[in-house]
Amino acid sequence: MTKLWHQHLLRVHYKATDQMGVVHHANYISWFEMGRTEMMRHLGIAYREMEDLGLLLPVLDVKVKYHKPAHYDDCVAVYTTLEEFSPIRLTFKYEVRRVSEADFKENESQLMRERTGELLTSGQTVHMWLNKKWRPARLNKTAPEVYEKIKQTLFND
Amino acid sequence: MTKLWHQHLLRVHYKATDQMGVVHHANYISWFEMGRTEMMRHLGIAYREMEDLGLLLPVLDVKVKYHKPAHYDDCVAVYTTLEEFSPIRLTFKYEVRRVSEADFKENESQLMRERTGELLTSGQTVHMWLNKKWRPARLNKTAPEVYEKIKQTLFND
Amino acid sequence: MTKLWHQHLLRVHYKATDQMGVVHHANYISWFEMGRTEMMRHLGIAYREMEDLGLLLPVLDVKVKYHKPAHYDDCVAVYTTLEEFSPIRLTFKYEVRRVSEADFKENESQLMRERTGELLTSGQTVHMWLNKKWRPARLNKTAPEVYEKIKQTLFND
Amino acid sequence: MTKLWHQHLLRVHYKATDQMGVVHHANYISWFEMGRTEMMRHLGIAYREMEDLGLLLPVLDVKVKYHKPAHYDDCVAVYTTLEEFSPIRLTFKYEVRRVSEADFKENESQLMRERTGELLTSGQTVHMWLNKKWRPARLNKTAPEVYEKIKQTLFND
């Protein structure tokens, strides 16, 4: 199968810049978080409801490669895909790309096969499902319908 | 009585700057938070323990005046004083001042009558004691020993 | 004349929450910044281009009143209006209101007379035009077309 | 030779927490930044002065592993070491460890062979020297005395 990427568009805010005149590197970690949240929402899964079910999805591992800097007021697309998926762990991959004002206006959350725009950063995060006591939880047991939804939408050939 | 100010020293980090080459104005709100937390700690009151007792101290009101910008790597002193104090509400006042490297090395939390350094911002925050259900709580009932400690240390003539 | 408010819609991200389970109070300062930037953009004025012209618009004064907390994943509308306007200084007023998922989907920047949703915070910021040397600048001299655009769009009866 | 680690102590602030009740994972990126800045300062190199010389040190690559969460008000030690060092590129490694209140009081920047405390996160960042035009710069040409200082302090057997 061809992997599906979710596109989330955002505008670079002043607060995200630093005195080098570019987006401070820590902000991309938050953009990745927005990316995976909005991809889940697109699949009909509100992470907020997962927490209401007693499930937490903390980050175990982050990797980021910085290719080119983003600047204030840029329009960027955060592309997110689910790279690995088991009842216990998830790995998301990300690409942040600069897009034009014209592309930005069509501000819609969508799944796509192609990504466009100049590559700024790429990265990945690894997560583990935990319960409220920070003990490992199996998604297919605690929230079987969510498990099936992710499996079928993102991993069906 | 002369009012006592608590001095907390901090170093300006790169992340706090923006592309104007100065500290982004939102950071001072967090510095005020550090200032009041460290003043409480100096009095022997850990805000962490207040939360363990079921007390929250959310912010009702913030005012900040920006006089001069702070820059990357500056040494600044956050001065905090308790302006108003009742069993229900507190008002803290703050001054952020630039201090020299020499003064910064004596990095000690202390109460003092005088403030030194170039004034960068001044401000105040108003807070209310709430319980875990976000209902008003009276400090002298829920944590009488804390109430007395604050009263005696900061408001004794 | 009736005052016009600009509406900017945003989603509350996880990073904005704190361990009280609500949006940390410092984030509203950044939301106000997004509000005024997007209002300017709606008028055809990119703040990025103002900086390219050599104009800075630092904050002199911030006031925020916190009425109710925003929570993770809430949809909020940041309403911004220009309260005072001279060639030298500007005062913006803001309201942050919680809106429904349904209202959020119509994610469009717009000027309106009415505001809807539950009031969470209100506030204002005062700004001054400066040149790159941090000296006062008169907007009607440095960027007369911007000055006229703001005057005519927001202050015409 | 045994590698030297620099220890920088910091207190976890409320703003750094999220609604899981732990430090939000993006904050460690900023702590790493503080760690490497303070290690440089300990060697007598102010990063601020590097920028005054026209040198920038942007991040090319970040990796973080999250072992255990840090909590509000924890005392943590950020340990930093220089893993690789050439005239063009640097790789820093980091460990964030929870330390006791007692250890925190001895708040001094120091180089050490041993690290203490419970391991919370580990990570690394890769950097490249650039000039103001974002072109590669060779440290031993642009700032030879800085190059020698780093080489002799951290890499002499």
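Letters A, B, C and D name the chains as they come in the text, with residue numbers starting at 1 for each one.
The definition used in the following text is that contacts are C-beta pairs under 8 Å (C-beta built on N, C-alpha and C of every residue); 3 or more make two chains touch, one makes a residue touch a chain.
Because the structure is predicted, anything quoted here is derived from the model rather than measured.
S.K.: Taking each chain's centre as the mean of its C-alpha atoms, give the chain farthest from chain B.
M.R.: A
S.K.: Quick check: how many Å separate the C-alpha centres of chain C and chain D?
M.R.: One centre to the other, that is 36 Å.
S.K.: Could you please state the distance in Å, as a whole number, between where the Cα atoms of chain B are centred and where those of chain C are centred?
M.R.: Distance between chain centres: 27 Å.
S.K.: Could you tell me which residues belong to chain B and also touch two or more other chains?
M.R.: Where chain B meets two or more other chains at a single residue, that happens at 14-15, 19-20, 22, 26, 30, 33, 72.
S.K.: For this assembly, give the contact graph shape among line, ring, star, complete and other.
M.R.: complete
S.K.: Quick one: which bits of chain C touch chain B in the complex? Just the residue numbers, please.
M.R.: Listed in rising order, the residues of chain C that touch chain B are 19-20, 22, 25-27, 29-30, 33, 51, 56, 58-66, 69, 134.
S.K.: Could you please specify the touching residues of chain B with respect to chain D in the complex?
M.R.: So the residues of chain B in touch with chain D come to 13-15, 30, 33-34, 37, 46-48, 72-73, 107.
S.K.: Which stretch or stretches of chain A touch chain B in the complex?
M.R.: 14-15, 17-22, 24, 26, 72
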